[in-house]
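Below, subunit A partners subunit B and then partners subunit C, in two separate complexes.
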Partner chain A sequence: MRSLAYVDVLSPKTLEEALEILDENKGDIRVLAGGTDLILQLRKSTSFNGKLVNIFSLDQLRYIRLEGTNVKIGALTDFHTIAESPIIQKHAPFLADAARWIGSVQILNKASIGGNIVNASPAADSLPALYVLEATLTLQSKAAKRHLPISEFYKGYKKLDLRPNELLVEISFNSVKENQIGMFFKHGLRQGDAISVVNGAVLLEVTPGSHVVRDARIALGAVAPTVVRAKEAEAHLKGKKLDEKTMSEVSELVVTSISPIDDVRGSAVYRAEMCKNYVYMTLWKIAEVLRS
Partner chain B sequence: MTAAARWVGKEVVRKDAYEKARGLTKYASDMFPENLLWVATHRSKYPHARIKRIDVSKALKMPGVVAVFTHRDVPNNRYGVFVKDRPVLCDDRVRYIGDPIALVAAETKEDAESAVEEIEVDYEPLPVVTDPIEAMKDSSYPIHDGGNVSRRTRITFGDVSKGFSQSKAVVENEYRTSTQIHAFLETEAGISYIDEKGRITVVAGGQSPYRDQHEIVSTLNLPPEKVRVIIPQVGGAFGGKDDISVQIHLALVTWKTGRPARLVWDREESFLSGTKRHPSIVKMKTGASADGRLMANDVEIIYDTGAYVALGHAVLDVAIENCNGPYKIPNIDIKAWLVYTNNMVASAFRGFGAPQVIFAMEQQVDQLAKELGMDPVEFRLLNALRRGDVMVFGNRLETSVGIAKCLEAAKNTPLWSRQADFKAVKTYPWIKRGVGVAAAVKGYTIGALPDRGTISVELLLDGGIAVKGSFTEIGQGVVQSVSQIAAELFSVDIDKVEIVFADTDKTPDTSVTSASRQLFLAGNALKEAAKNMIKHVAQFIEKTYNIKVDNLRFENGYVVGRDFKISFSELANAMARSGVEREVSGTYEVPRVQPIPGSLEIPHLFYMFGVSLALVEVNTLTGAVSVPKLVSIADVGKVINPQTLTGQLEGAAAQGIGYALLEDPKIENGILKTTNLSTYLIPSIKDIPEIEVIPVEDAEESGPFGAKGIGEIGIISVAPAIANAIYDAVGVRPKSTPMTPEKIYWLLKNKC
Partner chain C sequence: MRLRLSKQFSFVLNGEAVTVTCPPAYTLLEVLRHVLHLTGTKDGCSSGDCGACTVLLDGRPVHSCLTLISQVEGRNVVTVEGIGENVPKCYAEEGAVQCGYCIPGFVVTTAAFLEENPSPTEDEIRDALRGNLCRCTGYVKIVNAVKKAAGGIG
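So, the complex of A and B:
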């Protein structure tokens, strides 16, 4: 463990100042938000010799707004706020659920959604929900602003389409519709405060009355270098009802989209099994909600 | 006296509760003496290697470094309670990953940590021995002179082959249990300084100030009067602070530099270098007759002590003593081995060798009951030890035996008597519920080894009393229990009782705070001290006032005789004026028992008993097991403080759930992969269910107010109760801990 006592930390007062600092330091600087992952990584890192820009006090990046049917979340918004937000609970309830399961109360209070996205752990709990919401990320630099679908942000394991002078400032998505139903799932090795062995989110659009699936989105975490969409499983669901046969077939199909690995939390084969079984259990629970 | 008890058995709020809740308590890790040196440890990078060269020259030149110490600075570089096999700082060899090689003392924490990286050690890697069964072979590379079997023994009574021939049901299985890490909130930590009398003083988390002092003076070759050990409030120990950790290193730094020092292990160091619960392999063949009587138990026990013995020899004895459960069995044959490997170091952990073998035996018992078509609780009751019985080792049980009462309590608990209702609760189709039971036995006090403790009591001028003993407050609440016993014995308000604990300068030797012995020992010694105080006061009064005194007693802050009444404060002041000693002591010695051949400390004279009931939910699609309800029943003799007792049993149950389901240290070729709390999972609050605590009071006449030990019994039967409940729910038996989701999942998958 190395000491961080001698690391230079720059603390801008405004977003503009922060973007200025990023622009000047051209990649020799890491962004410190909640710090719940970064500090631990730096303590173990032998290569980091740069500075930190501490954006934690930039309250202008803390907000949750509903603009028409568009939900906008400031990148510094912490997970406790997201879990408790009436807007999120109403317009993306499974994201609120995912936020609640990210970690302990201390983590929820400190960790930000932007940090979770940029840290790019394949097991990050907010990502599957954002994938099925097909969220848009806003990346801002001193000179420009651009928007990117979340799935295009990740280019590989911890590889991001993020320029050295850019900061993730906002996450936005369309609120779920009346005939959409979504659920988050997470398999940790204990009941609370665990890193996911697998996680995921399912968002279905059904025909009112008949409950035939019109559109399906399934995102899976911790089973590939990035979060993945289970495209074959999604396609198989379209036009079908959630009966036992369909749910079994769909859950078997998710393995075509994943490439899990062995680590201290579980073997690759177990991860694949959990992915299938959690998709099955989640579809079962969705079917139950539709029935009632 | 018990009938009119004012303090004993009452829910009196712990004196330390408010200051702990407000964060005011100073633990060793909160102490920063002025002008201190920060100490950091250079540790082995290999699980097994010869040291060819240690070069500290670069480290010495680093900024802020005051001194660097190696084995050359340690006069007697081996220590250990049973076997002196452990170096203070490694000299010729390292035997586990994390073995300490050098210490840096520097002006700042950062300076010390940076300089540690500059120490150069040339290693010649040696074969790494990780499998205890391989280690037992003559061909395995010896970790110590004399080979890798540190201790082997065999104990037989009766004739097991005859026992099996009389059995209708015989079950034979191999069980394995994994390492468990104590994971206390406060890691191993301490400070040191030269006190006002010129003594090297070590203030560190521990469980026995006098033994820590002994290890310091014997390794550093110092006179005992030059070393003082104080153990302040400790942030958890569970046996993990029964051995030396930072103490000798701190004393060395202060001895050599004359300056105060501070050494606090970080979590990773604690996980690597702290002692752990012994991983085990237990083979058991157990037979029962057609009418349900246990006839024979043939057992092989292999405990992996890792790189050093630590307290392993005694742990192995406890395994042998407890592997038959709380039952009468006429024929036993137990073979046991304590084996060296390069898997870090195992030693004491709550239960001290009992949880591993009870995990095996209590599953054996469940399988026998099932084969014979008997109810698991009735089967246990039929075989349960009772007072006056001859135990498996030929020893007659003349003290309290509360196991039958515990089992009766279990039988009458709704979770058992109405278990069908609990199991019928429907959630999802893939969730199955089951209920399991397991019983436990464990000796308290240190068995056939010599065991004594002394307490002294001083009459204070303000009318209060000071009770002094070397017991340590490791969170368990012994200070509170001793306060309540003292208030009762001396008939004073509890606010008038001051406790002075764990300081070799100020407190007499009450010996180790382990083996669930301290309440029993300190309480009994306090009883003796109270008797001696009566005599002492009587003499003083007779001499000073020239009156004949008899029937002297303590009453509401007064000493009362037939014709007089004098307040404690008046008495203390009179004594002070006359220059009479106001402090007396009392000593309790556990009656000696002869150890049986082949053992060190078997049998005990005193035993505690317990039963756990667990309700589990198994997710058949993930293998995850949760415990919605757990009942912990313990025979405690007499409850001294119900709140503290509940705390002990709930804490033990939580730690038992962790052991059963979660705590999974991954050790690859001697290297621990799970070095933090995000990969080594202990239970979170969400993993801990409603725990119902049922104390059973089977009074022990030899105990203070009838009390027995309590610290360990609650953990021992948790894992087998959960294992039996899993079998009840889904029909698979993991036979190894931890029973992780992945393990259960594949068992289920392979079953169908």
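So, the complex of A and C:
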């Protein structure tokens, strides 16, 4: 791995200054947040000749707020803070759970949710939870601010709807309702600190009492160039109870939404099989919670 | 040949204010070992997998190999050299050390963990150390050392 001794790093003191720098250096500059993935990428890269804009010290982008039923997370908030946040634990518990399993203690302390989103790994562990929450991203440039549903942010493998002068500043979503229940799942090759072979999140809205599924959201990671929603599986769940037959049918249906690849962490066939199994197990766990 | 960049950075290291002049994209690990010659912090994998380079940044364990000196400006860093005697002593007494290369990372992670959780369960200990790898001894004696440091045994 090469040293980054020849790479310049600009360290703005305010968000305004950071946006100014991005505006002046369009495309020739990478944003350094927590850096737990970027630093490694750059040290392995032989082609990077740009600069870095270091936003790590912009504490104004570190917050978790509840405004009415809307949860707002500043883009620099680290995953330790998210996992431990009473607001997240109450209003999006499966996001807290996902945050907890993103990596080692050391990674959680430094890696930011904004970095996880912009880094755009299809295996990023915060993304399935944010997809089922239908989170909104706030992108800010020197001149303007815009809001985008997270699913529209990804245009393909590591292709983003992010202009060179824009910075992701906030992630927001509606808190989970009383009759909604969600869960995150992850299959990695090492429990403490592993890139996911498959991951995902399920969020169901059920009719109180009868537990008939009113609305279902299933997001799957590491099985396509971007995180995907399993639309056919979701549709099949609506209006049904979580019985054995429904859970089996739904988990089989997820394969219509995915296009896994072979790589060092697992084969495409293995991924598809694990994806089906984990969706089944997650539905089973949700059914257990509903019964109790 | 490109000119090597140099900038000045000030931070608190093991309780003392320090200023270094070095490339702004040097990792904190490079600065500790090659500029300040504090070689207690080890370079195991250079990729954030092994935890040997763990230091405390504002009191919390992070990988110094995945931290740039630019991110450290104005902050507080503690390395294994700045950790009190109790934790290293317990590691030695429990025979938790074989080759020793991973131990500074374990010691730093343990010290921060016990600060937060002075009487942990074994599960909590194993969870807190999940980002630190030892390839010599296994983890039983390491876990015993943490228990001892917490006042659990001995």
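The working rule: the second predicted complex is superposed on the first by the 292 of 292 C-alpha atoms of A that agree within 3 Å, B and C clash if a C-alpha of one lies under 4 Å from a C-alpha of the other, contacts with A are read in each partner's own complex, and residues count from 1 in each chain.
Rule of thumb we're sticking to: a residue touches a chain if its C-beta (ideal position, glycine included) is under 8 Å from a C-beta of that chain, and two chains touch if they have at least 3 such contacts.
Only a predicted model underlies this, so the values are computations on that prediction, with no experimental measurement involved.
Q: Have a look at subunit B and subunit C on subunit A after the superposition and call it: clash or fit.
A: In the superposition, subunit B runs into subunit C.
Q: Tell me which partner A:Asn277 touches in the superposition: subunit B (first), subunit C (second), both or neither.
A: A:Asn277 sits against subunit B, while subunit C stays out of touch.
Q: For A:Gly266 in the superposed arrangement: first (subunit B), second (subunit C), both or neither?
A: After superposition on chain A, A:Gly266 lies in contact with subunit B alone.
Q: Output check: A:Asp8 vs subunit B and subunit C. Expected answer is one of first, second, both, neither. What do you get?
A: Only subunit C is touched by A:Asp8; subunit B is not.
Q: Regarding the shared-chain residue A:Ala143, is it in contact with subunit B (first), subunit C (second), both, or neither?
A: A:Ala143: touches no partner chain.
Q: Is A:Ser104 touching anything from subunit B or subunit C once the two structures are fitted on A? First, second, both or neither.
A: Both partners, subunit B and subunit C.
Q: Applying the touch criterion given at the start, work out whether A:Phe56 contacts subunit B, subunit C, both or neither, answering first, second, both or neither.
A: In the superposition, A:Phe56 touches subunit C alone.
Q: Just to be sure I read the superposition right, which of the two partners does A:Leu189 touch: subunit B = first, subunit C = second, or both, or neither?
A: A:Leu189 sits against subunit B, while subunit C stays out of touch.
Q: Looking at subunit C, which part out of 7-15, 97-105 or 115-123 clashes with subunit B after superposition?
A: 97-105
Q: Mind sorting out which residues of subunit A both subunit B and subunit C touch, each in its own complex?
A: In the superposed arrangement, which is not itself an observed complex, subunit A uses residues 1, 3, 5-6, 104, 191-193 for both subunit B and subunit C.
Q: Enumerate the contact residues on subunit C facing subunit A in the complex.
A: Touch residues, subunit C against subunit A: 2, 4-5, 7, 23-27, 30, 46-49, 51, 54, 57, 60-63, 65-68, 70-71, 73-74, 109, 113, 128, 130-132.
Q: Flag every residue of subunit A that touches subunit B in the complex, lowest number first.
A: So the residues of subunit A touching subunit B come out as 1-3, 5-6, 104, 187, 189-195, 264-267, 270, 273-274, 277-278, 280-281, 284-285.
Q: With touch defined as at the start, can you tell me which subunit B residues reach subunit A in the complex?
A: So the residues of subunit B in touch with subunit A come to 109-110, 113-114, 266, 268, 428-430, 621-622, 624, 626, 661-662, 664, 666, 673-674, 678-679, 681, 683-687, 740-742, 745-746, 749.
Q: Would you mind writing out the residues of subunit A in touch with subunit C in their complex?
A: 1, 3-9, 11, 32, 35-36, 39-40, 42-43, 52, 54, 56-57, 80, 103-107, 109-110, 191-193
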